[in-house]
Amino acid sequence: MDDLVRAVEATLFASEASMSVEALAAHLGGAEAADVRSALIELADHYRERGIRLVERGKLWHFETAPDMAHLLRREREQVRRLSRAATEVLAIIAYHEPVSRAEIESIRGVQTAKGTLDVLMEAGWIRMAGRREVPGRPVIYATTTEFLEHFGLASRRDLPGLDELRAAGLLDPIDEALEDAMHFESPDEGDSDCDAGAEADDDFISDDSPA
Amino acid sequence: MDDLVRAVEATLFASEASMSVEALAAHLGGAEAADVRSALIELADHYRERGIRLVERGKLWHFETAPDMAHLLRREREQVRRLSRAATEVLAIIAYHEPVSRAEIESIRGVQTAKGTLDVLMEAGWIRMAGRREVPGRPVIYATTTEFLEHFGLASRRDLPGLDELRAAGLLDPIDEALEDAMHFESPDEGDSDCDAGAEADDDFISDDSPA
Amino acid sequence: MAGAQPLALPLPLPEGEEDWTGPAADKAGERGDDDALYLELDGWEGPLDLLLDLSRRQKVDLRQISILALVDQYLSYIDRAEALRLELAADYLVMAAWLAYLKSALLLPKEEQEEPSAEELAMRLQWRLQRLGAMREAAARLMARDRIGRDIFERGAPEGLRIDRKNRWHSDTFALIQAYGQVKARTAPRIYQVRDRMVMTLDSAIDRVSAMLGVTLEWMDLRDFLPPHADPSLRKSALASSFVAALELARLGRAEIAQDEIFGAMRLRRIAR
């Protein structure tokens, strides 16, 4: 068995967090990224049918138990945060539309979002602020994180269930406020909705990401 | 691949502690201990040459990194760092006046010396503790090492230029300290930028020495 | 809200108690005849949510629901809630008003409709319901996935990777010697010299002024007491000293001082004894 493959296997097994190809290469004393990548593919293939698997989640790799072992391993004490219906909906809207502003989320749900809802998702590490939209009011926009992909077992956002069908049906089209206005369908105004929006008051948030 | 073997593999992987055959059998819904045992042996055999091992210690089984991969768990990363001005001054004083106590160094420098500065010089291997001065408080005295001479390309301390030579080279001319400070790039994380004696918030410094 | 434009969809109101288990159970124990819908007010996440649930009850694809039927269902729900004197959030009522308007517009002949047409508004509402429905299903599918910590587990006791940073320090002889020179230069005792300046002391000014006053009984300008041809710094010092000398002589009763105006020439005269 190739030494690099063994080294990658050992490193990922020992690591407390998922690792990128680059982090692995650096840890392995500057191995070539291409070699690390092919070692990962060889390992993922080896573990395909076993009780554990090697998976990639948002460019980070880790070992995890095979899904069909869930019935044996499911823990007595609930380790997974129970989310309210509002929080699951908001999470889905962010995942399928990202990046989105709070007003856009509210436009889809037709209801204001309680302040705690976004906080809960941020605290879970599943969403993050991804800059500000360059429109009047410069609202904060939200996107999902690598932890989100990891937690829900998605290699990337493209793996979101039903993404293609929803897109084909036009249901993921950008929430076009202008169109809503033209239809006299008033959508919650960015400026109005944040009367209670503590999250928006975050002035020193630095926009690190240019909105699409 | 046998389902029991896969289940044992996943269970041991996810377990936070080593597990006995009995504990595994119980966890796996009352599998036969003998079957669990042969699954363990099959797994241990499978992992014999890999980056990880399945091992038994005092009847408890767990996965661990292969012994020849242990170096991957603790890596040393060497970083070349330039000595700060404060540390260079302290080193120079020790070299010219050795053996000297910390209080004597401070008296010569005219500023207090942060604890970290001497630590850095010790870590570099350029100074050593050379006993204690037999005066009240018995302060530790410092001297340079052979590594110091090697690093600075000196055959002996006598190679250090005398005051007359320093003067001739213009190195004793008063300098504009403000300009000097502005031009000097001291690494901020070293913690010994003790020109401002505020760094002496270092409480375990005990003034154990009366300056000469 | 009362004055809201009929065509404006109500602004969302803050959502109430969030509960994943869905609409709250009827607390009063009263159940409606057909279904419990109208007693489950607290469970809806706003009027759009209620509309979505009502349209699902039509048991057809969301693209084929009857908007007119939906409007009727919504309005009858609101009516029944009001009959039971349930407190309705304002946005449910505004939605009811909007839907009532939409219904009347839909029933009008096409040529009498304003822009945008009622059909367009209805399609828009339908599309919004579809979009919300899609997100709700997506959320459910997401939550049903095999999740880390519930269905899938990472290694329970990873050994952990540790990176120990080790510093290798670097310096050079010149820096060392230079540093020593700087310490020496900084801490070397310094001798400060103050250059001599030509000054007239107070004593010599008193002597000079009283001697000159002795010559005459006439008023004399203070400036006339200053040594002629003196360099400017000495002259300045002499002026100050002579002024103080004049004050001193006046105090001793040996001279009097007169000044006609502020900043004017100061004159001095001996007091004859």
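Going in written order, the chains are labelled A, B and C, and every chain counts its residues from 1.
Just so we're on the same page, a residue touches a chain if its C-beta (ideal position, glycine included) is under 8 Å from a C-beta of that chain, and two chains touch if they have at least 3 such contacts.
Because the structure is predicted, anything quoted here is derived from the model rather than measured.
Think of each touching pair as a link: the shortest run of links from chain A to chain B has 1 of them. Relative to chain A, the most remote chain by averaged C-alpha coordinates is B. Put simply, the C-alpha centre of chain A and that of chain B have 37 angstrom between them.
Each chain gets one centre point, the mean of its Cα atoms, and the points for chain A and chain C are 30 Å apart. Averaging C-alpha coordinates per chain places the centre of chain B 42 Å away from that of chain C. Residue positions 11, 13-14, 27, 63, 65-66, 73 of chain A each touch two or more of the other chains. Annotation for chain C: residues 153-155, 159-161, 163 touch two or more other chains. Of all residues in chain A, only 11, 13-16, 27, 62-67, 70, 73-75, 78-80, 82-89, 91-93, 95-96, 106, 108-114, 117, 150-154, 160-162, 166, 169, 171, 182-188, 192-193, 196 touch chain C in the complex they form. On chain B, the positions that touch chain A within their shared complex are 1, 5-11, 13-14, 27-29, 49-52, 63, 65-66, 69, 72-73, 75.
Of all residues in chain C, those touching chain B in their complex are 153-157, 159-173, 175-188, 190. Of all the residues in chain C, the ones that touch chain A in their complex are 5, 7-9, 11-15, 18-20, 22, 45-49, 91, 116, 120-121, 124, 128, 130-132, 134-143, 145-155, 158-161, 163.
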